[in-house]
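Below is a structure I'd like to ask you about.
Naming follows writing order (A, B, C and D), and every chain is counted from residue 1.
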Amino acid sequence: MKKILNAPEAYVDEMLAGLTAAHPEYYRLHGDSGRVVARAKAGKEGKVGIVTGGGSGHLPVFTGYVGEGLLDACAIGDVFASPSAEQMADAIRAADSGAGVLRLYGNYGGDVMNFDMAGDLVEFDDITCTTVLLTDDVASAAPEEKEKRRGVAGMVYAYKIAGAAAEEGRDLEGVTAAAQKAADACRSIGVALSPCTVPQAGKPTFEIADDEIEMGMGIHGEPGVWRGKLRTADEIAGEMMDRLFDDMPVGQGDRVSIMVNSLGATPPEELYILYNVVKARLEGAGATIVMPLVGRYATSMEMAGVSFTMMKLDDELEKLLTAPCDCAFWRVG
Amino acid sequence: MTIDIVAVRAAIGRLALAMERDFELLNKADGALGDGDLGVTMTRGMRAISEKAEDLPEDLGQALLACAQAFTKSSGSSYGTLLATGIMAIAKQVKGETEVGADRVPELVALARDQMQARGKAELGGKTVLDSLDAVAGATAALSDPAEVADAAARAVTEALEAFRDRKATVGRARIFGEKSVGLDDPGMLAMERIVKALADREG
Amino acid sequence: MKKILNAPEAYVDEMLAGLTAAHPEYYRLHGDSGRVVARAKAGKEGKVGIVTGGGSGHLPVFTGYVGEGLLDACAIGDVFASPSAEQMADAIRAADSGAGVLRLYGNYGGDVMNFDMAGDLVEFDDITCTTVLLTDDVASAAPEEKEKRRGVAGMVYAYKIAGAAAEEGRDLEGVTAAAQKAADACRSIGVALSPCTVPQAGKPTFEIADDEIEMGMGIHGEPGVWRGKLRTADEIAGEMMDRLFDDMPVGQGDRVSIMVNSLGATPPEELYILYNVVKARLEGAGATIVMPLVGRYATSMEMAGVSFTMMKLDDELEKLLTAPCDCAFWRVG
Amino acid sequence: MTIDIVAVRAAIGRLALAMERDFELLNKADGALGDGDLGVTMTRGMRAISEKAEDLPEDLGQALLACAQAFTKSSGSSYGTLLATGIMAIAKQVKGETEVGADRVPELVALARDQMQARGKAELGGKTVLDSLDAVAGATAALSDPAEVADAAARAVTEALEAFRDRKATVGRARIFGEKSVGLDDPGMLAMERIVKALADREG
């Protein structure tokens, strides 16, 4: 896979420079690590802050979701690598306006350790932090070990819910509870068709034959549940829905939102073909679909593949999901 | 002979050199069971510390705190953060001291191990850097002669590496490799073997 | 390149089914050819209609831009193939509310003949039609033969301008004039890194070596101006800006909008890296950038590559460009 | 012998068969200088017309109009639209007639050529289907015997194909191939050769 870049070492910094230059109304670099992005216009005074962080290469995740009704700040690492604890601490400081800060991010070892350490660092600044981890990828551990699961595109739903709760003026406990509820209500599954290349590594994250796909593969190329021949869109979507339903049954009268997400190279045309099955399965189970999201919400650069994320809603979650939000990549309301 | 800032500077020098030398080795080990960046983490981290070496204060606590911070800033990788956590734990313990005897080594290593365990939320016996530190703390317990401590530490860290080689990884990125991790060194344990040998000046 | 689909013959129809199912608030199928998409909510009574059309595989182009402040209807063909004259006539009928219809589309032989024939067909319905053709791709013909140039991403700017003019209540002549002004003010250039696969053909649209790029290649794989080794982002962007400036000089005090568009697989990270050069070059020439567009606006499925489109603005164009619009892929205001 | 609806139905049958037979040939020729769909266009179009063949009215104008519409609905390719344009032009001209003499062929072909030229906005001599039709119209002018007209048309369309082979394409997708088009048949001219020979019943 060919990439358009200058020096691999400059990839992330140049990307952030371009992002903030193209969207100065949304994003600004905060502090001098060069790796913390905060809202261009600070949130309301006294609003609970929400920070996230993780490796680069997943746009719009993570940085892209800094914006009104979403995140306040984000610490961003090298491609697929955790930002440092120092950078996370800076992001927490940027997000704080006195009401405390929720750390909302995906369950990856390095990120967890660093966000914990960042919490230790900002204790000196008297900033209270809470944590909600996304563990939505059903392929990454059995239900009995749910807490070991990776966080993937469910993050986007959690940002939306937590962001709306904070914008409503809830306190840190309330925002944290809403985020946790969102995280608990999300299940994801992905399928990979082709790898991507980490600029500094210069070679693909994994190898896969021209007629093969891998069900359940992680967004960095972590092994999935099976690898086999490419199947039809209906079969792929069917199995993905089966796996989601197995983990979180959906029935008559349920209200759910569903995200059909491209991992990067897979075009929207293919997402819409998949959506037909997704819709039929959900409605066949008696559920009502609320605000389906079809597009590129959480990617791995030029990886080909898709993920489905399902969030079961109650009245509170539905209200927060459909509340307004605004960033360069996503607008609701 | 006790450990003071001069000894720390010398140890930093040896360790920095060792990490330049082992760059490929560690990347490769991590490439087999992870994302292949452990060599990068260690050389970057040691370069950051080396840059500060001359300016480190005599107070060992302050000096080690500065080292930990330099390491933390240089990357966000798991190993870097764990090491920084361990160094910080030791730093707090020796704050205000300018000399530390070799007899304190087991206690300080155990302290680092415990803080790192708290940070990483992993069990002992999981085939990680924690098991290397645990072996070193155990092997040096009750020793006080600097040469004996160094010998015991170097021996223990290699033995731990070998003892865990055929076990299954249970923590971090290596966990997802499951059975495939059997027979392969845990990259973090391998790195700790190189670190301890460089610090103990017991190479080869 | 692997694709997620069922039968190749079903690709377009399933795609349209999914698109309209996922976004019923924006799109509906019109008529029974199954290939005409119209606004879910009809435009204002007496508003000039705007239709477009072309081959599938370019989402959000063409269908995606049906929406408020944009298009009224769109006829869509098989992948990279013109819709039929009948379908275009249906789209024109869907767009008409008595004030006439502007046919606004890209300069491709089949599309032109069919839209002309569609015009003959709707004469029987007493619908007055005008035409504006996009010919923005500077790589496809010399300036002396500008009228032979292909239409590419400049289409998006033209939709926006014409759509805003129609929404303002201008008459057919006025909307047509605004669209023509927009078309005349746009210049584009693309670079391709990898091909895409047309489902029914089953093989890539072109072959290119792993370390090669083609400057000026068309969005269906039409030959460009040179093929050579992959270069740095700065070099690629530099040459693209040179070619745009050669064709349409930009100087002190000019106001321009610029689109940095992914042809599909190229991720936003790379677009932002390119944007740094784009911005430096435009500002270096003394120009002011208005509403830069960085993202996927006109694609060729999973093709890797980028295009730049530059539109020089006057007060009228700037006002129309920044006026509100709303479709599933793009919102302004 | 004149052309009536029975003759038209027979001609449709021959043409439909020929297009099934030449499916790959035309796709390949179009693949070399275009997007490779010309065989698809022609078989799809002729299948659509064949389905209507039995129901075509005696009025040749109405019958040909129905044929043109069937073709138009079946695809949006340039060639299909051009052919439909030509057929429609002839349809208008013979509206109300149930028989047409062979002597009208040159006039009707020229009419089709002119309307298609207006639709496609291309010059004569540009190595397109227009040049095939122009050759047929010229070669049949002043002839009236059905067999002579058929012979002359079949000969002219092949000669035109050969005469233009070594010229450069200037129109449509083939234009972008520039010099590379020299030595290659224009797909639309090749298709017209097959069409005319099938209609004239002068195969091989």
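Note that in this section a contact is a pair of C-beta atoms (placed from the backbone, for glycine too) under 8 Å apart; a residue touches a chain by one contact, two chains touch by 3 or more.
Here is each chain with its UniProt name: A, C = Dihydroxyacetone kinase subunit DhaK; B, D = Dihydroxyacetone kinase subunit L.
What you see is a predicted model; the values in this text were computed from it and never measured.
In summary, no chain was found to touch both chain B and chain D.
Most remote from chain D, judged by the distance between CA-atom centroids, is B. One simple way to say how far apart two chains are is to compare their mean CA positions; for chain A and chain D this gives 57 Å. One finds 30 Å separating the Cα centroids of chain A and chain C.
If you average the Cα atoms of chain A and of chain B, the two centres end up 33 Å apart.
The set of chain D residues touching two or more other chains is empty. Residue positions of chain C with contacts to 2 or more other chains are absent.
Judged by the touch criterion defined above, the protein chains link up one after another in an open path, with no loop closing it. Against chain A, in their complex, chain B makes its touches with residues 35-37, 69, 72-78, 80-82, 84-85, 119-121, 171-173, 176-177.
By the touch rule above, chain A contacts chain C in their complex via residues 1-6, 11, 14-19, 21-23, 56-57, 59-60, 64, 193-194, 210-211, 213, 230, 232-234, 236, 260, 264-276, 279, 292, 294, 296, 299, 301-302, 304, 306, 331.
Chain contact summary for the complex, chain C toward chain D: residues 77, 80-88, 109-114, 116-117, 140, 201, 218, 220, 222-223.
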